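Chain lettering (A, B, C and D) follows the sequence in which the chains are written, and residue indices restart at 1 in each chain.
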């Protein structure tokens, strides 16, 4: 079963996400320039830097759900574009899913990931294969669910999610887009990775990495 | 003394000028782009093409002065820019200078060239060394005057003028401009030949060449 | 990247700040959160109209705030839709008790953020209606896209809805007029060059010296088709052809013809395009009853143009002609 | 060269043709010779005002033909002053018996061609006065140059002289007002990119990716100094500094601040420049009483900006505020 993940992990995740998004700012801008409007890296970087600032304002007693909630409202009020409402809703739904739990076990993580994904679908109406962040989230949720069912630890659940999200992001490359700006391009979107799927994979990888660091510590 | 030059020469001169300006259209545009606004070749080409068309409308009885006059009014009404009024005035004054003469001898040619140059100065107020077409015209007038005084033929007068105009055009290269658009550039005009001086040299060379062709025929 | 800017992060606030000083007779700007609002807002009993979206399309939208048009504009970062906060703040600032119309260009980001803002404003007791503008015929409106984009036709929706609000129409009526304009306007654009988003620092796409991009959007996103440069008349035939195929006109019908520069196109070129477009319409028996030529919905310094045609009727023509006093569109006062 | 044109030789006639259709409520165009004239010209008893010059500076001058401003505009080929013929024709077309004012930018070609036209019109019994505009402080006005160039300040001369003519001033008075405006306005510009003249097909100069040209004219001619790109605020300090050095203001004096785009500059950049210029004037105690921001005197698609400052007094302010109805400047009607 392994150690469950608490607020420390949640905070560390957001911190690590802000770092990885800052590092990948230009890469995400470049992906979005190719099939969108070139702002995704800027948007995500702005949002997670803002979220980082908000973490400090949380009381020591904050639960993982509290962390997700402040991230949600911060992303909604700082990111803008399509990604702002979508990621904002994802974190909001995840926050609701985990409630006031102090520690998240594998099952709770699966609930959170599933709620996040469902939130994005609720707002954005994308289906798998539409070449959106959903193409990272859906395989991630499936893999996490399967891992948890097979008795994986929280860390292993996140690892399964991150691995699947990365493959999912990669798998957007040959697709024609049916949602978001890339849908205007028709066939010309083929051969380019969806920036939102890529940022989703980066976020889930960060979640896994801080969990691993915690597990090793 | 050599053969004097009549209306045939005047017509042939304008025809040859139109040709040489069409050939040098891009070269003159390039010179003017460097220290002006890049239209001198276009302006001169437009004007002399129009003048060419007007030659046909002249009666067979037209004198050299009639030819110069129709060129003057055509240049004034088609060239525009600085060059239009200046060249227009030059041809107008030359036309007045030669009056109704059927044949121009060396002395008449010197009168015509001097009047043309004085017309340009009257309108443009440029002095030698100001890096304008005057830097081609003034040495041309001086050389023509000297040649005529030494008993040169009309063809030889034009040859002296053309040679001097070419040297004068070349000699504008190291100058700072004090008139026209190039004067806005200050020191940065140094190293560039004045486009109007260059077109003047081309015109005078054409005058010489058709006279030589006539002399040989 | 060569731009007359300071820190790329401050482009929008500095520009909005300058705009508000230059047009202080018409608007004032709020800077936290950022929005531009009529200096006389809220006007009691008048429906308020708010639009917004990513910056970089100026004069859209702030240039259209004023008498007879918008009550407020909410500029997001360059090419990024604003977040709900400033939209809510602008909505509150213009609510005169008769409700507020949101005019939203059809992009996922704009739609989602305005949606959230409308919910939040409604929770505060403000009646909000929303109209989505989607006039771009370059995009197929189908299950397989995010739907048509809102482009230059937005200006016509804003002007005409603004006139309806100014004459005292209620919220439902203003929303209905805006919807009607949107249903009767079609647009198609072309780009000759790309634009550079300040925070990106590099062009959004590259075109060879003899290539143009047909069906371009207004966000520096690539268009649908890349072709070799053609004479202006041939390009106009393509653009206007697509517009008229999508919305056929009967001979004798009236049109408003909008030739919109993308930002970096010289005015002579806009009028060369306008001339041929007007000729084609005349050849088809369509009367160009009203015209608008200029930079109204831009993509920063992009060179290119879009052609919009609005099918007029007497009501729309009268509302178009009604007085307007904004930074970018002004007549009748 | 990528442009929305057909044959480069037809750029001006096609653009003027399109302009006249688009603004047929205000102007009509003559095409042989080419000029644009108010549709109600000549107006009996009113001083006529004619301006003109090479094309490529649009909306200057045709965009300023209409009530309260110019009576006619004479566009030459791109960047080439018109010949006397169309100037004479335009002068005759607007003479309502009270004489005609020629507003001429100070370029050798414009001055000479307008001079000839004035002589010819006078020979036909029309009283003509001429005012030369030379507001560009980038050029030293000395024996060693052709004098200062006429640039964006021309718009202010045309607007204010136009208002004086519209209120019924006689020719001497209108010329005096125009001269007064010219004596109180100064301009300085910068280019980030060059422009391409259609018939030349190549840029007038080339700037490296990090270079800008200070003291640029409006004909794609190189400027006086080439420097490395700086933040907008630093560039504004240079331009406005040169303007104010040449025409110092005392604290408490009123200014009209014109930030003029060269054609290809996005509006956000113009307002960023405007903002800093207004700040600097405020720091010096100068009141920015009136403002104008936009593309008014352009160099085709050049990216860049010029800053003009006009020292206002009550008379000039009132004439500035007077109604104007042209394609490019309109208020009060």
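Keep in mind that, in the parts below, a residue touches a chain if its C-beta (ideal position, glycine included) is under 8 Å from a C-beta of that chain, and two chains touch if they have at least 3 such contacts.
Please read these numbers as outputs of a predicted model, since none were measured by experiment.
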item	value
Other chains in touch with both subunit B and subunit D	none
Intercentroid distance (Cα basis), subunit C paired with subunit A, Å	33
Centre distance in Å when subunit A and subunit D are each reduced to the mean of their C-alpha atoms	55
Computed distance of Cα centres, subunit D from subunit C, in Å	29
For subunit A paired with subunit B, centre-to-centre distance based on mean C-alpha positions, whole Å	76
In subunit C, residues with contacts to at least two other chains	78
Chain contact graph, described as a line, ring, star, complete graph or other shape	line
Contacting chain pairs - touch in the sense defined above	A-C, B-D, C-D
For the subunit C and subunit A complex, residues of the former touching the latter	54, 76-85, 107-109, 112-113, 115-116, 138-139, 143-146, 149, 197, 199-200, 202, 204-205, 217, 219-222, 224
Residues on subunit C engaged by subunit D in the complex (per definition of touch)	2-7, 11-12, 14-19, 21-23, 55-56, 58-59, 63, 78, 192-193, 195, 207, 209-210, 212, 229, 231-233, 235, 259, 263-276, 278, 288, 291, 293, 295, 298, 300-301, 303, 305, 325, 330-333
Complex contacts: residues of subunit A adjacent to subunit C	29, 33-39, 42-43, 46, 76-86, 123-124, 176, 178-181, 183-186, 188
